[in-house]
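Paired with chain B in one complex and with chain C in the other, chain A is shared by the two complexes that follow.
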Partner chain A sequence: MTFAVDFENVSRHFDAVKAVDNVSLQIEEGEFFAMLGPSGSGKTTCLRLISGFDRPTSGHIKIFGETSDDLPPNRRAVNTVFQDYALFPHMNVRDNVAYGLMVKGEDKSTRLSKADEMLALVKLDAFGDRKPGQLSGGQRQRVALARALVNQPRVLLLDEPLGALDLKLREQMQEELKSLQKTLGITFVFVTHDQGEALSMADRVAVFNEGRIVQIGTPHEIYEAPRTRFVADFVGSSNVLPPELSARLGGSAKWSSLRPEAISITAPEHAKASGTVKSVRYLGSVNQITLQLDEHEISVSSPVGVALPVIGQTAGLVWKDAALHAMDDA
Partner chain B sequence: MSSADTNHQSLTGRISDVLWRKPRLLLALLLLPPLLWLGVIYIGSLIALLVQSFFSIDEFSGLIRYELTLKTYGELFRPANYDIIIRTVLMASTVTIASAIVAFPIAYYAARYARGRMKALFYIGVMLPLWSSYLVKVYAWKLILAKEGIITWMVDSVGLGFLLDILLRIPIIGGNSLSVSYIGTFLVFLYVWLPFMILPVQAALERVPGNLLEASSDLGASNRQTFRHVIVPLALPGIVAGSIFTFSLTLGDYIIPQIVGSSRLFIGQAVYAHQGTAGNIPLAAAFAVVPIVIMAGYLWMAKKQGAFDAL
Partner chain C sequence: MHSSQRAGLGLRLAAIAGLLFLHLPILLIFLYAFTTEDRSYQFPPPGLTLKWFGVTWGRADVWEALALSIKVASVSTLIAMVLGTLCAAAVSRARFFGREAISLLVILPIALPGIVTGISLRSAFNLADIPYSTLTIILGHATFCVVVVYNNAVARFRRLSGSMVEASMDLGANSFQTFRYIILPNIGTALMAGGMLAFALSFDEVIVTTFTAGQQATLPIWMLEELVRPRQRPVTNVVAMVVVLATFLPILGAYYLTRSGSDTAGSGK
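The block that comes next holds the complex of A and B.
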């Protein structure tokens, strides 16, 4: 089977820094794939290796079965939506969108009408004559998207495309991107450090840490069954329990993860464990309660409306057995 | 509290309070001296010059007639004078185009690749020639370009002397040696004004984000296409700014063509000659207006062509 993007033991080292370290990864055609990780984890470098702005130190990258190691960016069937959009400031929006067609030699009327179609798709039909400097961040984002899509790439690469937008707009764009990807049916590879974004949009997520992939799976798998302490903590900030505590709480003697929202507060007498309430923080939709269990801190997300324990008193904790998830390795 | 009180009582304290309340007054006070200098001394003398150019000289008495007339401008179109203008404009254009071509790769390297120590070296390398006297440099070039100079010697010693001979045998731009030919004048102009082209082009390129170049190649553009459609348009304000320097400095210079080159005059030399020994101030003024008009026309054209759109 041919994959849209296929990493075979790819490394990219900058002198002593292993930005990408022996990564193997297959992205299927038509998939919405997220690369998730903190800054410096190698996810953006991976994207740049696909687009061709950077070349692997070792290993090979195939794009639709074709080894792309020696292909310059302008000869790859991929297009990129840049983090800060990278729109050409001296061209109007329509010319920006038509740029890819222009350099391929399409005649003026064809390329401008295709650009207008694409602008209509991203709901910016009325803005063709403006300069990028006259647009808001969200509009620029859409222009960047249209400019990439007009070339009919087989893979669209998105580098933190929503990072610069405010929360409301970001949520709206998340939905739009998702539905756009469904309509077009092309492969999206999306780089983000925002776990909420990755979980809500992607079909599959690769979690990066220190140049390596620590886990690949569906958002559900990543969230419910984190493979390492890093994944548990980075994706949704879980309670990461050391082996002895996990065993004491009825789990296996391994590092384990217990999601804050999987725990409920109850009276100490029917509880699986109990601890001293250290703090209660109101976060709008939930209250975040921190309890002290011996030398460990456990955090609990409790829906607003549920009675709150009093700080300094002992409270009991219950959870479903399956919620205490043992991880493969540390 | 007490310190604030003393501030209020002292004169400087009160003045500073007034200036804080009226920031525009402060701005006006700061701008007054430079505006007086520019407005009265600079613009004033320019207007005086303009007015002079509309007077004429009495051919018999050699005295200036203070009546407004276009007669002096008419004289500019006499073949001898017209030649001077054409010669100067051609030289200025050639120097400008050549400095843009020579400056671009240097500026591009400095803006995109040079970092830290290399960048400091670049600035020193570009600015160093500006630290020494202009006259010294021009005379140095006269020696370099002379028949007995290092260029002739080097070309001869590698056996390519015939090439230099062919070059010097080209009519009009050739001559007995490089130092008495237009080629020599051109080389010295190019050398002396080059920093004024490199620096603005480098500043313009510095402001082009690297990801625009990546975006261009990501969208399928070859390096040549990226250069033509992204780099050059964005560097254009810098090239135009640099060309204003090289073009106007060449148009007005009267020392370089006097030291290196043929004896045929450039505008600057004509102005010098007419206002000095010939005592024809109106014609000198009319000659001096020519570069101003050319530059105004050039800037108007550059603006129409969209050279400043990327600013």
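The block that comes next holds the complex of A and C.
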């Protein structure tokens, strides 16, 4: 089977810095794939390796089965939505979108009508004559999207596509991107440091740390069954329990993850464990309660409306056995 | 409260005095272009006439010098625009060993006294056995014209968002198309401004020209020679007026071109 994007033991070293370190990764055709990680974890470098702006120090990248090592960016069947959008300020929106077709030599009427079609797809039909400087951040983002999609790429790369938008707009664009990808059926690869974004949009997520992939899986697998302490903590900030505590709480003697929302507060006599309440923070949709269990801190997300424990008193904790997840990582 | 809005009387007088000091001599030159007396510059002029404009028009040596000046300024500006742009592109885009040193070396000719540039060029031409000609004048002028174009271009290149060039490549454009459709429109006004300043600099250059010219006289050299001869002096003044206008207009143009430049490139974020 040919993959849309296939990394074979790819490394990219900048002198002593291993930005990408021996990464192997297969992205299937039509997949919405997220590369998730903190800044400096190598995810953006991976994206630049696919687009051709950077070349691997070792290893190979195949795009639809074709080795891309010697292909310059302008001859790859991929297009990019840049983090800062990189719209051309001296051209109006329609010419921006038509640019890719113009440099390929399409005649003027064809390329302008295709550009207008694409602008309609991103709901900007009325803005063709404006300059990018006259648009809001969200509109510029849509122009960047239309400008990439008009070239009918087989893979669309998105570099922190929603990073510059405010929360409300970001949520709206998440849904639109998702439905756009379904409609077009092409492969989307996007880079983000926002775990919420990755979980809500992607079919599969690769979690990056220090140039390596720590875990690849569906959002469900990543969240429910983190493979390492890093994943458990980075994706949804879990309670990471050391082996001895895990064993004492009825789990296996391994590093384990226990999600804050999987724990309920109860009276100490019915509880699996109990601890002293240290703090209670109101976060709107939930209350975040921190308890002290011997030398460990456990945080609990408790739905609003459930009776709150009093700070300084002892409270009991219960959870379903399956929620205490043992990890491979030492 | 008013003192913060309006300058004090003393300050205003000083400003006026400063401006007069700078510009009165130029006005005097203009005035003597109309004088009826042609041997010595006596003040006030005994009478005013327009006849020197006619006389100047009829003098072949003026036309020759003017033609040479325009030719030298145009060709050295052209060379400067090509070299200055390429150099600015390299320095602002790429990272390589000695980048800062090159940047300094390019700017150096304008910091060096013209007489040093002149002498060094003259000995270089001597060593290389290049006869003094229009070409050597052009080469001499190009050394400082490159600086002006480079300075303008490099500032604009820095503002040009780097991802714009990548976006162009990503959308399928080759290097030439990227330069033609993306880079050039964004640095165009800066290049024009640099070119105009370079032209103006070259047009009234004396020192480097003295060292690199053979028998030819550019307009400023011709004027220098003419001042020594007490005959038809106002012709020099007429030519001076032309030179002032010919260099003032491009500089004004350059000012307007770069003034609004901040919103042309790299502000697409």
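We take it that the second predicted complex is superposed on the first by the 329 of 330 C-alpha atoms of A that agree within 3 Å, B and C clash if a C-alpha of one lies under 4 Å from a C-alpha of the other, contacts with A are read in each partner's own complex, and residues count from 1 in each chain.
Keep in mind that, in the parts below, a residue touches a chain if its C-beta (ideal position, glycine included) is under 8 Å from a C-beta of that chain, and two chains touch if they have at least 3 such contacts.
The structure presented is a predicted model; accordingly, all values stated were derived computationally and were not measured.
> Both complexes share chain A, so when I overlay them there, do chain B and chain C fit or clash?
clash
> Mind working out whether A:104 is in touch with chain B, chain C, both or neither, as first, second, both or neither?
A:104: touches chain B and chain C.
> Considering only touches as defined above, state whether A:14 meets chain B (first), chain C (second), both or neither.
In the superposition, A:14 touches no partner, neither chain B nor chain C.
> Where does A:89 make contact in the superposed view: on chain B (first), on chain C (second), on both, or on neither?
both
> Could you tell me if A:51 is touching chain B, chain C, both of them or neither one (first, second, both, neither)?
both
> Where does A:133 make contact in the superposed view: on chain B (first), on chain C (second), on both, or on neither?
second
> Once the two structures are superposed, pull the chain A residues common to the chain B and chain C interfaces.
51, 53, 72-75, 79-80, 82-84, 86-90, 99-100, 102-104, 147-148, 151
> List the residues on chain A that touch chain C in their complex, please.
Within the complex, chain A contacts chain C at residues 51, 53, 72-75, 79-80, 82-90, 99-100, 102-104, 132-133, 140, 147-148, 151, 164.
> Would you mind writing out the residues of chain A in touch with chain B in their complex?
51-53, 72-75, 78-80, 82-84, 86-90, 99-100, 102-104, 147-148, 151
> Residue numbers of chain B touching chain A in their complex, please.
Counting only chain B, the residues touching chain A are 209, 211-212, 214-222, 225, 229-230, 233-234, 309-310.
> Where on chain C does chain A make contact in their complex?
161, 163-164, 166-174, 177, 181-182, 185-186, 263-269
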